[in-house]
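Same chain, two partners: chain A is paired with chain B first, then with chain C.
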Partner chain A sequence: MRFALARAALVRHRPRTILATLGVAVAAAMLLDMVMMSTGMRESFRELLLSRGFQIRLAPKGTLPFDTDATIDSVSSVIAALRENPDLTTISPVLGASINVRVGNRAITSASLGVNPRVQGDYELLTGRDPLASNEIAVNEDFQRATRARFGDTIEVSIGYDPQTRSVTQTRKFVVTGRVRFLYGAANQPATAMQLATLQQMSGLARSDDASLFMIRVRDGANVESARAWIERRIPTVGVISIETAMAQVDERLSYFRQLALILGSVSLFVGFLLVTTLMTVSVNERIGEIAVMRAIGVARWHVVQQIVLEGIAISLAGAIAGLGLGLVTAKYLNAILSSFPGLPMAIDFFLFQPRAVWTALGLLAVSGMAAGVYPAWRAASLPVATTLRQEAIA
Partner chain B sequence: MVAQSFALAFLLFAQHRTIAIDDKLAADLRIRIGDRVVVSARPGGAGDTVIVSGILARVADPSEVAYSQYRIRMHLDQLQHIDGYDDRVARFAVATRGEDGTERTLSSINAAAFGFEAHRSRDIAVETSRTFQVVSRFHRAIGVITIVASAIFLLCIMLLKVEERRRDVAALRMIGISRTTVAKSVVTEAAALALLGSALGVGLGWLMSLTINWHYRGVYRTSLYFSIVTPSIIAFAVALSIVLGIGAGVLASMRLVRTPPLALFGR
Partner chain C sequence: MTRPIVLGSASSGAESAPSDSGLVTARDLARDYLMGKERVHALRGVNLDIATNDFVAIVGPSGCGKSTLLNLIGAIDRPTTGSVAISGRNVAGLPDREATRFRLLNIGFVFQRFYLMPTLSALENVELPMAEAGIDRAERTSRARELLSYVGLGPRERHRPTELSGGEQQRVAIARALANRPLLLLADEPTGELDAHTGAEIIELFGKLNVDGTTIIVVTHDEELAQSARRRVHMRDGRIVDG
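And then the complex of A and B:
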């Protein structure tokens, strides 16, 4: 009965109901996007960090990995120190550098990572094989596009430049052995991977035993925080970053987007609430005589309240369901914009779809719809029946 | 006495080289001019003892606003020595005479050198401002969604308002008031509503802008403006809301005047 009456009231003014639903749909789309954005970046970043199972990173003290050109020296002694802890199962040192590849008259600059291919966690092999020998190199698609290098090709790579002789230094020939996708690579960034020792030698004496970063896997069941604290005590000259500390630092840098999500999400929710409240208030004002008659023939106050609150919830939920589709489309569009941030890993999504985000948005809208119906419902339930009927009869 | 002080200062500064640090570092570590500090490329590594000779106010650079790193300025050769950089530098800044000079310099450097590349300062500025271009595009997209939501909201409100006055309008029509007059009154009302709403919105926006600047300046310890309300932005917002208001008014009034007066009465 209550559902039938609520449905009849909404269907009676079809254009108005459709418009209100549309309005709520846009607000719901925005709310969903903002809920997705507030948690999406975090979750996406966490998934990226954990994608290869490395829970701890060592970076030069006071920096985030690859934030500066600073490096950690004495790789071998750091590894030896880390090996003392049986909870640390895999240690993967990585050195980053810029390399130049000559293609005709042009010099292509590319990022390069020196890794131990057997334990690396920076790339995934798409085709071919890892660079297992000192004269082998794996490249990404952007590098191949820029240099037109194919598998088996030999390319000339250099790192230094001597302005006195106007010639490149530290030049070596490499064979391209595989195509890889760098997990932390930015869009349109040519990048390569080679053996750590090779890149260290090419980088000169000052970096002959350096690494930019260590990635560490902790044994299953071992406490990551304890392992992190142990490393901090054992090697106090490096910065030890667990997933949680990395997340805290990322949170700090991207706090603007979380705060924006909170503000815009709240505004969207408020606009949806205001729209439904206005509609329900006008609707109750229009039906004042009808409600007075219902009350006069014995329909309980609570029944009237339920009917009006149901109408509010129905509009909010219909708008929310329409808004989900709209929200996913706009999220894809907004994500495409933000993903073009310079230097940001391609794998990071600002708007990550998670069922939890949908339920949160739906829940908030249902509560807002219920709250929106409260004032008009209270107004309808507290009508003086006889006076209202007399006024309606005169009108 | 004065001469002695100068001599002492000279000896002190001659013994150790000097650096300048940023005000954030000075405030956080309570370092003052004349203090001796040790700088090294790696924590705990061998370094040089230097004297702080200056405290610099950071340039309000938007591209560095989210980075909380400290900055120090030191002599080039000293940094090269500490960091094991030999005789290398990260970049050169070259001043040229006029546009032609810049063009010639760029061509000659790029033709002669392999391993480094010359760029115009203007191009570098464009490249480093890509972050803000992305943020700006994102804000524009959010703005479009907000405009769509506002348009629907306004149309809905106008529709409700005319629906509420069906009987009044029916009475007006029956005593001979023309459809055009009724439509004009609805459109005028919608425009007035939009104008009033936009005036309130401008006030609210201005207050929010003040709050945003106050908040983010504190968070990032900078003198940058994060939100600016300019006359052109106000003019655009007010014009847009009036256009949307008139559009909503026209649609709502068309629905009203097309209905026969008796139907408006519910007969």
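And then the complex of A and C:
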């Protein structure tokens, strides 16, 4: 009967209930987005790092991968040292550089990665094949769009472009063999991949045996942190980053995002709470007489409160469910905007959909809906019955 | 204490006379209110005994304390001093939870303005006290139908209060008051909002209820209703002056 009464009370003022539900839906959408954002970027980054199974990265000491132009010297001796540990199954050195491609009168600048295509973890091949020869290059869609290069085309690639003298260090011809998607590539950034040795040679003597980064896979069952510690001891001149240490650094850098999400999420929740409280207070004040009569005919105070709290929860949950859809749509839209930030890997989702985020948002809203109904309901149900009935009769 | 018959096989139709057993016993009842800073003495030492199966009309000018007395007997208000016993149980000092339960199971209320739940049908309104008492759905629906038939509203059970006339609403309110087979039916100006014809029908219904074994106390200005009662209690300035 309490469910029937709660439902009837909500249906009785249908437009008001719908408007309140929509208001809660907006607050719920924002709350959901903030909950998704507070953990989304971190989890998305973690998934990205693990996407090709590389658990450890080596970067120049004191830097993060590709954070600076610094490189690790003597790739061959680093690889030789790493081979001493049987737990390290795959070692993939990567050199990053900036290249130029002439298209008519324009010079298109592109990022380029020198990799060992057989063990690389930086891109996935979409069509064509890997650059297995020294004169082959794989390109991404943005590069193709900017240069109009197609498979089989030969392109002229320069490195070491000096804008003042308009001269380059070295120029070579490459055949485009494949279209790839770079896992860590930023939005709208032309990028290419070629053989590591080729890029090292083109970068000049100073970088002829350098790498910007090593990506390392650890044997299944081996302890990643032990492997990381071993590398730190064995090669003290490099920075060794496991997924866990990378996540700790990400956490530090994303703390502002999380604080922002926490504040905006709390504001959304509070707005939703105030909305439902206002509605329930108005609704209860309209029904003071009815409530007094219910109390007079023997309905327990707690049951009156339950009925009104049920109304608050119903509005909050209906709003939360509507807000779930709205939140997912806005998260997708906002994600598209934020993912196009320059320098950020496009594969990172700022708003990662996780069932836990939904349950958290729904739970918070249900609790706030319950809390919103308790005070007005308890106040109304505690009014002296006889006095209230007399005042209602006079009114 | 025997329950009022109203409906079922016990409803013989033979007139029940008031028994010697006291159902309501009020002693030295006083009730003061604060109106701003002024203390108003609504009741001043009322003593009253009402027997089972009686039909009592409390009459008197406005503000003489009739409704206050009814509220105290119905345990929806507490006396400043004195006691009210219903069927031997002093209800004046019951804690809220017990007083609520007592009202649910022992007292039926009928108000001047009917006060039905506007969102519920006639049938659901009658079911409400039974649902609160924990009676299962089938049983309470059956009894609610029986009660609505009794008050002449069988075909209108699905109608909401807004779809019923004043007289019909008051009949639903009476059926609701009888839902849990109360010891006592209390009515505060039950014909106050009704025209003469409809009021007469309600008076007739009260007579029938009393004949069928319901103890009734009405507060009224309606001379016709007062005349239909077995006993009239006159009040003035918070005191019983006659009856």
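We adopt the following convention: the second predicted complex is superposed on the first by the 388 of 395 C-alpha atoms of A that agree within 3 Å, B and C clash if a C-alpha of one lies under 4 Å from a C-alpha of the other, contacts with A are read in each partner's own complex, and residues count from 1 in each chain.
The working rule: a residue touches a chain if its C-beta (ideal position, glycine included) is under 8 Å from a C-beta of that chain, and two chains touch if they have at least 3 such contacts.
In this text, all values refer to a predicted model and were calculated from it rather than measured experimentally.
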When the two structures are laid over each other on chain A, do chain B and chain C clash or fit? fit
Which holds for A:330: it touches chain B only (first), chain C only (second), both, or neither? first
Just checking: does A:61 make contact with chain B only, chain C only, both, or neither of them? Give me first, second, both or neither. first
Tell me which touches more residues of chain A here: chain C or chain B. B
So, does A:206 touch the first partner chain B, the second partner chain C, both, or neither? first
Does the superposition put A:275 against chain B (first), chain C (second), both, or neither? first
Quick check on the superposed pair: does A:30 touch chain B, chain C, both, or neither? Answer first, second, both or neither. first
After superposition on the shared chain, which partner residues are touched by A:13: those of chain B (first), chain C (second), both, or neither? first
Using the superposed model, give me the angle at chain A's CA centre between the CA centres of chain B and chain C, as a multiple of 10 °. 90
I'd like to know which partner A:253 touches here: chain B for first, chain C for second, both or neither. first
Considering only the touch criterion stated at the top, classify A:342 as touching first (chain B), second (chain C), both, or neither. first
Superposed arrangement (fit on chain A Cα atoms) - minimum chain B/chain C Cα distance in Å: 10
Provide the residue numbers of chain C that touch chain A in the complex, in ascending order. 67-68, 71, 74, 76-77, 96-97, 100-105, 107-109, 111-113, 115, 117-120, 124, 127-129, 131-133, 176-177, 180
How about chain B: which of its residues touch chain A in the complex? 41-45, 66-69, 83-86, 112-117, 127, 130-131, 134, 137-138, 141-142, 145-146, 148-149, 152-153, 155-157, 159-160, 163-164, 216, 219, 255
Complex contact set, residues of chain A against chain B: 13, 15-16, 19-20, 22-23, 26-27, 29-30, 60-63, 68, 70, 72-73, 100, 102, 107, 109, 158, 160-161, 163, 166-168, 205-206, 236-238, 252-253, 255-256, 264, 268, 271, 274-275, 278-279, 282, 285-286, 330, 333-334, 337-338, 340-342
Residues on chain A engaged by chain C in the complex (per definition of touch): 1, 4-5, 8-9, 11-12, 289-290, 293-301, 303, 384-387, 389-390, 392-393
